[in-house]
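All chains are identified by letter, namely A, B, C and D, in their written order; residue positions are counted from 1 within each chain.
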Amino acid sequence: MTYRQEPLMPKIGVVTDIRIDTPDVKTFRVVTPDGKKAFEHKPGQCAMLSIPGVGEAMFSITSSPTNTEYMEFSIKKCGCLTDWLHAMEPGQQITIRGPYGNGFPVDTEFVGKNMLFIAGGIGLAPLRSVINYVRHYRDRYGKIDIVYGSRSKDDLVDYNEIIHEWATDAGVSVHLTIDREQEGWDGHVGFVPNYVKELGFDTDKIAILCGPPIMIKFTLQGLMDLGFDKTQVYTTLEMRMKCGIGKCGRCNVANKYICKDGPVFRFDALDELPDEY
Amino acid sequence: MRKIAVAKLDALFAAMAKTHTVYLPADGADGRAQYTRWEAGVVYSTALNTVRSAKDFFFPQTENLMDFKMEGKSIELIDTRDEGEDFIVFGVRACDVRSFDVLDRVFLAEPVDSYYAARRAHGVIFSMACTRPAETCFCKTFGIDAAEPAGDVACYIDADTLYLDAKTEKGEAVLAALGLEDSDTAAVDAQKALIRERLDALPLSGLSAAAFGGDKLDEYFERPEWKTLSETCLGCGTCTFVCPTCQCYDIRDFKTNTGVRRYRCWDSCMYSEFTKMSAGQPRLTQLERFRQRFMHKLVYYPANNDGIFGCVGCGRCLSRCPISMNIVKVMKTLGGKNV
Amino acid sequence: MQALTREVLLDRAKALFADGTVDRAYGWKRGEFDYDVTPGLFRSVEEMEKEFVFDDFCGANFSKYLVEETRKGEGKILVFLKPCDTYSFNQLLTEHRFDREKVYAVGIPCEGMADVTKLKAEAAEGIRSITAEKEGFVVHTLYDGDKTVPRTEGLSERCLVCKSKKHVAYDELLGEDGEVADSARFDEVARLEAMNADERFAFWQRELSRCIRCNACRDVCPACTCETCVFNNPNSGVESKAPVTSFEEQMFHIIRAFHVAGRCTDCGECSRVCPQHIPLHLLNRKFIKDINAFYGEYQAGAEVGSRAPLVNYTTADLEPGEAVQRGNEHA
Amino acid sequence: MQVTEYKPKIVAFCCNWCSYAGADLAGNNRLAYPAEVKIIRVPCSCRVNPMFILRAFQRGADGVIICGCHPGDCHYTSGNYYTRRRMALLFSMLNYLGIEKERTRVEWVSAAEGAKFAATMNDFVQTVAALGENKRLEDLRCKL
């Protein structure tokens, strides 16, 4: 008896385009060697990318499932593998396997709702796929608000897409902020949690948070103060992963495996888990 | 039920070896039993248990997953899986047999791990009843009956006779091909009664796991006792590596002279770098790592697997831990009178 | 049987807690059976009264725990040190690994500690209890009645060849101090040296191939106190977790032993904790024996501040080529 | 069938201040030594960590030689004295583990000793060639 299907066996992917987003974030476009998408995914799902001999790691898929041609990954340079990825040139092959994780409930709980996306820094990466998905099926959802902040103007990921595509859509409001005053920036200055409070959103919407833990903590508090319920707020978690399929045993928080049962969690569900993430 | 004289064990193994590779416990260089590939001259050891568990047969400490050849910008993926060979593991104790169920629920859950599944399909388990359970044994706590070991074929040694009882079709097929003499069950029944008597007399026979289970997260997670229990833990991997049910693994790449070999190896939640990311470390101290291991066995695993515990009571960690800290002490400390 | 009873130690600990000298104490904790004693940190007299033990199964050496524990809290830590533990204690002090001011060390005599594996081997399966009597260890078995194991057969190897009954560090001493012993601890090394290369290779392959890379030998070693071990460091290029090939087994054990060469006090903890019973002390002792032969007698930890042989030299040191010859010849 | 002559792979760690220059001099003087000797330049012989030596064997070296300044001539005053002690203990340990002792060597070669460098390498290659391939300290995976 032979089991030909092996979840740990990756596919070969080709990096066809590398876009420099910020000084430490690049966005990689990946297709199979015959030019197709490696696999279909849901917004918020992840994939294991690897350079053999360097390592394998989980990254969120930043492109929307509605993109039928390729997948994109926005990756911040922060370790051994990401250093290598950043040093790559287009045409380089990598390995890819997935999709992993639960993704956002875009076709169930989100349908018909107003949406509030709140991201900080590279935290925009997992949200971008949802934002573009929601924009693509615009009539299924209500009003869209996007709050996005980063250290400086140069650290805003996907700046051009935000300004020229998202902000120009009907029914989409984009609120950008940077941490400190900067020359050439006439937008808002301040941290995301405060900005969210200042903007003072109505509670008739779903909020999705993604960013550094400290931002999530204070933004969630801010949303609670505005009257949001934990059942309206979603986030994604990050843990070390090796297998991506709930077997290698390192990404669990209590009995939930982040790679399989996550990375997307609603805050009321997260409350039931111990604070070990 | 079938039988064969213990004096003819070698002939039995030789017959098995015609169709299967046979592994059995044999005393090693250090005088302690280890699973060994049978060949003429290898003597079956009746020692209660091997130092390493039997999980190696299905989930070896290291195994190659695939190879990569890299040239310029391109990567070639080479599937190195082979068909595998049929094998028999003889003399597996009841606790270790249960450990395969525990591992199955991880590796055979969708998506199925093909490496593990192939080995499981090829392996035939001959279990052995424990006539002399040790003071460190507590399989009964987890509902395992050492008098009635599961597996494909259950074996009993009584005086000069080995009795073999096929439990599955796979086991029956192997036994049928061996052409053994039929036997009544009288001797085995008597032995079962004796074993159960002995199990009841063990110092840990009263240990109960009823206080633990999938719904006990809140009850145990924040308990202050974790600090004192884990305080002198060395953070080594002994308990996890001798444990028959510990299944955490790492996937690593080795650069050969011409390419890359991706392999997997056992990993331990006790290691500080187990969960370390470039973005941070969710389990900062040994307390969290220690807690993870025992919570996984006693709470998380049952929560995900219909209440089955992730411990089989084999007692290996009881005798191997460098600081003699173990799951029994953890259960007794946390569970108090209920244990 | 130990010269001092649990009560003597306990009384002293109580007094030290009572007069405020210490606010916590390292000591041995009673286990599930007679032999599975756990090293533990006690925070009160009550805890000690309940769980503290001192008998023939208290092999664990507390010195290494002091590295982390002395970084916490303001008060002093009471630690009981057997003679061999005091050498580790001194060696850590020499390397400035902990604050001596935060420790109150009580030296206690040791009559040698039991090796449970040896007793288990004698008793086959099932130990109901073990008592140390004059004639030896009396093992009350589950199935075979009582068995008496002569003390010399039940003691750990390291205790049978004990290098010293003398305490080299303490704030106070309970009981009698002993003398540095004329130990036969290098005999086994010499026996290996006398073999030919093929035999030695076969011996070590047989032993090291059992290694499961649990790292217990490293993690228990009082000389291994790097904050991040090279074998755990992904940037070292040698990070590894499993003995994938025989090379990796050798690599790990050579480097482990080499890294503590000249600093290893021969406390024997590595061999005590090895779940696979690999005689790891034979690697460490080879280094000690060579150091003694090449550079003069040196006992790590014998005095605080002594310069370890590998961070020292003389202009007349012997050449590596000769060393290999001598390493065999002086056998 | 033609039998190709076995050529051992040798890794030579050479101190930048002496033997590395010595190797240069050997080249300039057209003193031949086998091409199988792969030189790795190190700032001082005491830069050579025991791990480097084991790694060389892992990756397929059949012999490892460390060349440094003559005792007393270290560019950093005393580096080679430490090398001498370390390697004495390491080589003795390798021997104790049953690794052929002829596979490891330390030689002191100054920048002026081009001839000694060539002679040392020739001799070492011959010695190792006589032993054959390193089987005891190799990592079979590297052969893939």
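Criterion: a residue touches a chain if its C-beta (ideal position, glycine included) is under 8 Å from a C-beta of that chain, and two chains touch if they have at least 3 such contacts.
The shown structure was predicted, so the numbers you read here are calculated from the model rather than taken from an experiment.
Set side by side, the interfaces C-D and B-D show unequal numbers of C-beta pairs in contact, with more at C-D. Distances between chain centres, each the mean of the C-alpha atoms, put A farthest from subunit D.
Taking each chain's centre as the average of its CA atoms, subunit A and subunit C sit 51 Å apart. The geometric centre of subunit C is 36 Å away from that of subunit D, both derived from CA atoms. Centroids of subunit B and subunit D (each the mean of its C-alpha atoms) stand 46 Å apart.
Residues of subunit B found to touch two or more other chains are 250, 254, 259, 267. Across the assembly, subunit D contributes residues 141 that each touch 2 or more other chains. On the subunit B side of its complex with subunit D, the touching residues are 67, 254, 256-259, 261.
Here subunit B touches subunit C in the complex through residues 28-32, 34, 47-48, 51-52, 61-62, 132-136, 198, 201-204, 228, 231-232, 234-238, 240-242, 250, 252, 254, 263, 265-268, 271-273, 318-320, 322-326, 328-329, 332, going by the rule given at the top. Considering their complex, residues 31-33, 36-41, 60, 65, 116, 120-121, 124-128, 142-143, 206-207, 210, 212-216, 218-220, 232, 234, 241-244, 272-273, 275-277 of subunit C touch subunit B.
By the touch criterion given at the top, residues 65-66, 68, 70, 73-77, 79, 81, 83, 106-107, 109, 111-115, 117-118, 121, 214, 217, 221-222, 247-251, 253, 255, 259-260, 262, 264, 267, 269, 274-280, 282-283, 288, 292, 295-296, 299-301, 303-304 of subunit B touch subunit A in their complex. Partner subunit C is touched in their complex by these residues of subunit D: 50-51, 54-55, 57-58, 71-72, 78, 81-82, 84-101, 104-106, 136-141.
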